[in-house]
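In the two complexes below, chain A is the common chain; its partner is chain B in one and chain C in the other.
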Partner chain A sequence: MLYYGKKLVIFMISVGLLSLVTFYVSRLAPGDPLFSYYGERVEKMSPEEREWAEEKLGLNDKISVQYSRWINQVFHGNFGRSYKYKMDVLDVLKSRLGNTLLLGGTGFLIIFAGALLLGVICAWKEGGWLDKIICKAGTIISCVPEFWLALVLILVFSVSLRWLPSSGAYAVGQEKNISDRILHMILPLTVIVTEHLWYYGYMVRNKMLDEIRADYVLLAKAKGIKKSRIMLVHCMRNIMPSYLSIMAISVTHIMGGTYVAETVFSYPGIGTLAYESARYKDYNLLMIISLMSGIIIIACNMAAQILNERIDPRMRISRQSEMQEVDNYE
Partner chain B sequence: MSDLFEMVGVKPELAEQQVPEKENRWYDTIPWLSVIILILIVGGCLFCNRIMTKDPSYMDLKNYTIAPCKEFLFGTDTMGRDIFSMIWYGGRQSLFIGIAATVISTGIAIIFGTVSGMAPEWLDMLLMRATEILLSIPNLLTVIFLQAILGKANVFSLSFVIGITSWMSIAKIIRTEVRQLRNNEYVIAARCMGGGFFYILYKHLAPNFLSSIMFMVVMNIRSAIVEESTLSFIGIGLPLEVISWGSMLSLSEKALLTGAWWIILIPGVFLVVTLLCITSIGDCIRKKLNKQESNL
Partner chain C sequence: MRELLKTEHLSVSFFTKSGEVEAVRDVSLTVEEGEVLAIVGESGCGKSALCKSIMKLLPKTAKIKSGKILADGIDITDYTQRNMSRLRGALFSMIFQDPMTSLNPTMTIGKQIEEAVRIHNKKMPKKQVKKKVLELMQLVEIDEPEVRISQYPHEFSGGMRQRAVMAIALAGNPKILFADEPTTALDVTIQAQILDVFRRIQKKLGIATVFISHDLGVVAGVADRVAVMYAGKIVEIGTAEEIFYDPRHPYTWGLLQSLPILSRGKEWLPTLPGMPPTLIHPPKGDAFAERNAYAMRIDYEKEPPMFQVTDTHYAATWLLDERAPEVKAPIGERRYGK
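And now, the complex of A and B:
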């Protein structure tokens, strides 16, 4: 219990620090937040009008005062209004969150299963032609920058062949049409998956290769257990804890990848929203997005740590024996 | 004498065959193809004045968006600039950012990692928690913010921003290595004799941990180049007037509308080939490292 309590405290401190840093940095950055609220009209404003507008949005106080006011509001469940959309930021976020979850979540699931599959296939055929081909192809693909891959895909599949749409999450008026949504998701999903798949696949391959050189595999083989059973049951059990903790951290990377893919394909998700809000100084929106991303990232890192330290029975035993050694020593 | 004794058991012709296999020479493990291509690209960028057929920043408004032909080897972009000249000229900026950002991030990582490794327990813990928090902030977000603070982007500010946001994972590795090294007798002896921090770092620690971070450093060049191009593409990096592989690609949205494939494909292919070469060199370094470790 104490263990989780400690983790929770560190979590809270990290989130608090993150919000403080983001708040200060975003306010210190040059740019006119009034522009996102009033648009072009800002340029024609007189100094008095400007002052009135800043007063209204609470932008003319010291940053520390603004921050304490923001924190106070957050604890009352009020995250403020978006300057650009003139709505509660939570509503803005809600309208986009589903799209990103759909895209990133599907991507994550495909990567999770695909990396395991590829890694096991490569380890199975170690040194064979299939292994070599997959490794070479994987290295080449992982060198391609994400946005460029997206551009080439758009060029080939939407501009030249005209098979798939190049942007958006659904065609106009087709919001409920599932097949239309899938059609719009294919290209961004391809980009996200190909960018990350091999990184984790290679990791599984190497872990598997280490594992099949262990002594217990020899024993199992001597007992006459089938190769498939040794690899998929015995070895898999041993690499699973570290794979799970790696995948928990991978959420961060995949989320970053989703953001970039969203911007290129102008997919209406959190990524495009984050980019817009940072660009146009939509402070309240920016704060909640970076806070949300930060919370997800920190939570995933913690989950990885906990998985690493708690789930693997080997770890538990080694810690116990360490403790015993210490006891004996004393 | 030789008649009295007969050699038994050893067959001379077999013994000759058992000459140990020739060991791989040092140059067998180097990926020559990648090295040569990389030298060609880097050389072409360094001596771009000799290669360029046109002024890379001259906007020839009569000849915009022309497909590759004899006069314009790689075609022209939507603003009428010659892509062939731009590739070599812009490669300088991209490669410079890659190297400068890596130098900055490695420098920070070495200092930070060593301080954390040599520090007492509580300070080490504090510094490592700080790195973890920094690692957990999305990279793109920090880059956008820093860039906004520094104002309009140029090559130097961009390398600074990329360098300052990518040192954390190297620092962690250095810290682990230093933790193991610091209890060695020679380090303790040097400290007892009054050796300063930088003296110990330079004489005793760096030679030991450099080999284990080399792979990460090479990979950092790669990711810095990717980051530059991504940022310039999104429109927060280098502006259009500063030619680099990334800023050339930022024209591609317009190119998509007209179907001008060469504006997108050619700079991208150069980028990807460079990255591939760097990766294979990095892999070669890593393999060498692993071999040494397994021998021990």
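And now, the complex of A and C:
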């Protein structure tokens, strides 16, 4: 229990620090928050009107005062209203979250399974032509910038061929139509997957190659086990802990990729929202998005650790001895 | 006695970036049913490569250049990995040097032994497999097998792990066992224990064994026959008796002289001067000539053939040629009662 308690404390501190830094950085960065509230009208405002508007939104106080006010609100369950949407930020978030989870989640699953598959294939055929082709192609493809790839895809598949829609999550009035949703996801998914797949596939390949050279593989061979079983049962078990922790950390990476893809394809998700809120200084919205993203990332890392301990029995032991040391000190 | 394993003029090379490494050169030997053949020599003399090449466990850079391997009468020289996996574990099996790394850390000991049992008895019912696993663990003298069966390698000590490795190697009832320095990575007291277990099992099962070691002291206790390897070649082979009491090759003399037990009470421990030659371009003539105090001119020019001493005893040194001067062996006098 103490173990989880300690984790929780670290978790709280990280989230607190994250909120503090984001709060200060967003407010110190140049830009006009009034723009997101009043839109174009800001340009016609007199200095007095501006003064009044800033006072109304509480932007005249010192940042530390603003921060403590915000924290106070948060502890009362109130994350504030969005300047732009004039609604509670949670409601704004809720309307977009599903879209992002669908896009990012599908992308993550494809990357997770695809990287494993590619890595194992390459390790299996180490040094062969298939391995060489996949390695070279993978490296080249993952070097293509995301936004550029997205634009090329739009140009080819939306503008020239007219096969796929270039933006949005669904056509007007087709919100519940699954095939329409899938159609809208194909291009952004392609971008997300091609950008990240090989990065993780290559890791799996190299981890696998390390394992194949381990002594226990020699013993497994000596007892008559076939290569397929050695790789898929013996080696896989040994790369899983590190693969899972890499994949848990990759959530951040893939989330970032999803945000970029969303922006380019104007996909109505958290990414587009985050971009807008940062650009137009929609402070409350920005805070909740960065907090949420941060919490997801930290939670994923912790989940990775717990999973690791489940799979690799050696980690359980080290945790025990760590705990014993703690007990001794107390 | 039936010949279980035979190599004929076997040569194995590693093709590396810095050139061809001739790890095994023209090795012919036989292993008969139930006997223990020890292969001794310094590090890098090709002992391990020889055994691994027979089981085809060498990396892809290694190739059998020439020669033949006959296992239980079948020519397996050109067997593919797929074919080999059928023989491994069932016909021959191997124990490795370092028990700390040769077990899969994320699988229980029981599972790893079970896997080895099941691979060659696919139809065996579950209960019987478990019974067999427990029997194997008892055979290698692991205490409390019922508890140990569900433990992981990291919960085992080095000696216990080596026993588990032995259990795995024996799971498929192999006819030949390769033991690649099975005690080298263990400390001395555990070494003695493992050797005891090894000897008991060998006697009980009568399994033909190729025992690799660089420690003649260890070999003396287990071997029926001994082959001495130097620079990828067998330089002397004979019964344990012959090798220890009537060695004929100067290299064997050197090895025996440098046994600490023979220098007890003396001021100096004799050692072999120099280092083994690199096997990338083995020297012309006898590879041992450089370090041989008895080397003659012919040693630098022509490789000695295997001279027969008795029916079982052969040595590759020009000293056995009839034209060579008479040299008295500096060791092994006990046999003559001096």
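Worth pointing out:
One rule holds for everything that comes next: the second predicted complex is superposed on the first by the 304 of 330 C-alpha atoms of A that agree within 3 Å, B and C clash if a C-alpha of one lies under 4 Å from a C-alpha of the other, contacts with A are read in each partner's own complex, and residues count from 1 in each chain.
Just so it is clear, a contact is a pair of C-beta atoms (placed from the backbone, for glycine too) under 8 Å apart; a residue touches a chain by one contact, two chains touch by 3 or more.
Fair warning: this is a prediction, and the values are worked out from it, not measured in the lab.
Judged by the touch definition given at the top, the superposed model places A:H234 against chain C, while chain B stays out of reach.
Counting residues of chain A touched by each partner, chain B versus chain C, the larger count belongs to B. When the two complexes are overlaid on their common chain A, residue A:A214 makes contact with chain C while staying clear of chain B.
In the superposition on chain A, contact of A:K223 is made with chain C only, not with chain B. When the shared chain is aligned, chain B comes close enough to touch A:Y275, but chain C does not. Taken together, the chain C residues at the contact with chain A in this complex read 55, 57, 60, 81-82, 85-90, 93-94, 96, 98, 101-107, 115-116, 119-120, 152, 154, 165, 168-169, 171-172. Residues of chain B that touch chain A in their complex: 129, 132-133, 136-141, 144-146, 148-149, 151, 222, 226, 229-230, 233-234, 236, 249, 252, 256, 259, 261, 264-265, 268, 271-272, 275-276, 279-280, 283.
On the side of chain A, the complex with chain C involves touching residues 127, 214-216, 218-227, 234, 237-238, 311-314, 317.
The residues of chain A lying in touch with chain B in their complex are 10, 14, 17-18, 21-22, 25-26, 28-31, 139-140, 142-148, 151-152, 154-155, 159-160, 166, 252, 255-256, 259-260, 263, 274-275, 278-279, 290, 293-294, 297-298, 301.
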